[in-house]
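What follows is a pair of complexes built around chain A, which joins chain B in one and chain C in the other.
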Partner chain A sequence: MASQPIKPSLAGNASQSQRTSQPGLRYPSNGKTIYHRPLNRSRTQELSQASFAYLFGEMVSYAQKRVTGIQDLEKRLNVQGHPIGLKLLDLLLYREPPRTQNRPLNIIALLQFITTILWRHLFSRPADALEKSSNPDTPDEYMISDNDPLVNQYISVPKEMNQLNCAAFVAGIVEGVCDGAGFPARVTAHSVGKGEEGELWPGKTVFLVKFQQEVVEREAYLPKN
Partner chain B sequence: MVNFNEERVVYALIIINKAGGLIYQRDFAEGLNKLNINDYLVLAGTFHGVHAITTRLHPLHPPPPPSSERPDPPSGIEVLETENFRLQCFSTLTGTKFLLFTEPQQPNVDKVMGKIYELYGDYVMKNPFYQLEMPVRCEGWERRLVGYLRVLNSR
Partner chain C sequence: MSYYFAIIGTQDNPIFEYEFGTSKQGGDGIARFPEQARHMNQFIVHSSLDIVEEVQWGGGQMYLKCIDRFYNNYVSCFITGGNVKFLLLHAPSQPAVANTTRASTSIAANPTSPQIEEAIKQFFTEVYENWVKTIMSPFYQVNMEVKSPVFRARVAAAGKKYL
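On to the complex of A and B.
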């Protein structure tokens, strides 16, 4: 009993002294970082919305520096979200029960994964709607609606930038999930909370998912079930 | 002056930044006399000055504080009452002042002020497009503030 804890603590000390030689990074005193924790440990944990709002506000301000226009700004927010989507795809599939751990194999399964499992993980509720474009010219477009995106909760976009929707960050996450699953797509966020509907949901946002052409072609070859 | 005695109403809100500049002004009741925008700026600046003077007016020397803790800063004007209205001033730790004009019998002004401060903290300070010390022009703040006070005034 007494001899047991000595070994790990020595090992911990050794690695600690190595680490402290690197400036800037701080490690917990027991040497265990977030990467040592089991992946399912934080499954049901939630974050403070206030601290997220401050962090996201700073991310928007950071993205706003040295941009040439609103599209550029949205692109930067999109790029910030993209790697999160790639990683979340793996993490969320890992956390599924073993029987349903399969990667989504067709567009509908992928979009349902996004609107339910991904949305629940990020925002604690499913997305409000999932639609396919009714326009026959654009069979590659799908729309995910969120009536009140969590990331936009405290954000008021000034009038001169009314084209901007900061949920471009979430669009980047969705794009990362699509790309990671092998369904390359472009995802953009659009504010639609205007007119009659705007009274009820002024922040309503539609995420337009536009799959690349080869994805739609491949889908046509797959057997329908 | 319109007679509001039969109702309990929040009349108006003014926010003054720490330099004495007016950053927000809005009325919540019908039939109030309006000032022009310059007069509101003068009002804000004057109140800021008077408030600064009142923080220094103190007839007694305060007892020396216990060395471990810092004493609360003097608060200055907190309430100003007339027969027609009551002015409640809330000064934040950073020096921003919220002035709430209410009907003299309005109950729970502290709670109303707390809620307004909370809305300000959420919808103004967490908005990445708001520049500190500049006039508040945030749609989300406006919508929630008006919604909250409309419900309060119609009770």
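On to the complex of A and C.
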């Protein structure tokens, strides 16, 4: 208190006294806080894709404003998605029926949660493929493919930036889910479409999930069930 | 029975704490920890975190039941998907010597009985619902302290309802 400058005006005093009665907190006029709202979503409350595309376009250009390169831009998109993943993990577990309301304990269970429950929640369909890296040197890498990522539908990447994949935002969400569940990982998005004429899935994206060493080590200790 | 409830973040940092007493069997909802032992509650709860980290990989259940005991203090745990731990320390009041036979069969005297386990589960489930609502706030970041008086009131109500 002492460090703050004293406002001489009456209005300042009034707001000061109001603040002491309710320290720093104001309720909405209808008295409803986030705690009064239900956590379950009904089918009809889906969002318009047009408004999402507009918002996402703005998010990309916002992230683009202060970046040094494509990697930095993807990093920023990843960071925007990360907290969403942390929150969705608990929200989606809460919505599961009590019998299957289990925390994922191994990598496969976690990735299945991501490719089915998380993907269905975000994009109304499961992911198109889930593969383990066939390279024996990288047993900690898994790949989730999406043939046509919803976030990229209205994003056109200029030729000189063809390294960029804005699904880095989705990679951030996936990373958040992994980190939250206790499986620290690095997730990146890669375009695999070759840009050829008549390609079936030109926007196909692979999310490369690279778990940290300790996760793989723990996996070996835990009993298989 | 007296209760001490704490929410512990992913970095073993306390996020929320609340102390209350039983409202069942004519209880007035006021915690009656002995004054010399009250400050120990935080230590007891935090020392059980090591056990939580062992037990949490044994099964996918969120409710881990009673995991630790320190003299007359029992610690029950619930772990969320995001690795946040709800820990409830419950200390049954010492039964009076005169009516030991009656007290030993009542719920309060046996902290690991199925009835008490179920009551704590219901308490945790209700807190979990409010916890998910808390983290759904776009301004809430992981491991931030929960200061909302509404959340505190909800936890108090859940404690009153089930414990």
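One rule holds in what follows: the second predicted complex is superposed on the first by the 184 of 225 C-alpha atoms of A that agree within 3 Å, B and C clash if a C-alpha of one lies under 4 Å from a C-alpha of the other, contacts with A are read in each partner's own complex, and residues count from 1 in each chain.
Please note the rule applied: a contact is a pair of C-beta atoms (placed from the backbone, for glycine too) under 8 Å apart; a residue touches a chain by one contact, two chains touch by 3 or more.
Computed from a prediction, not measured in an experiment: that's the story for all the values here.
Under the clash rule set out above, the superposition-derived model of chain A with chain B and chain C shows the two partners fitting side by side. In the superposition on chain A, A:Leu89 contacts chain C only, with no contact to chain B. When the shared chain is aligned, no partner comes close enough to touch A:Cys178: not chain B, not chain C.
By the document's definition of touching, of the two partners only chain C reaches A:Ile34; chain B does not.
Contact with neither chain B nor chain C is seen for A:Leu118 once the two complexes are overlaid on the shared chain.
Once chain A of one complex is fitted onto chain A of the other, the partner contacts of A:Ile155 are limited to chain B, with no touch recorded for chain C. More residues of chain A lie in touch with C than with the remaining chain of the pair chain B and chain C. Once the two complexes are laid over each other on the shared chain, residue contacts for A:Val209 go to neither chain B nor chain C.
Of the two partner chains, chain C is the only one touched by A:Leu222; chain B is not.
By the document's definition of touching, of the two partners only chain C reaches A:Leu105; chain B does not. Once both structures are overlaid on their shared chain A, chain B and chain C have a minimum Cα-Cα separation of 24 Å. Counting contacts by the rule stated earlier, no residue of chain A appears in both its interface with chain B and its interface with chain C. Those residues of chain A lying in contact with chain B across their complex are 50, 53-54, 56-58, 60-61, 64, 154-158, 161, 166, 202.
Taken in their complex, chain A has these residues touching chain C: 25, 33-35, 37, 39, 83, 86-87, 89-91, 93-94, 101-105, 109, 180-182, 218, 222.
Contact residues on chain C toward chain A in their complex (touch as defined above): 56-57, 59-62, 79-83, 128-137, 141-142, 148-151, 154. Contact residues of chain B toward chain A in the complex are 122-123, 126-130, 137-141, 143.
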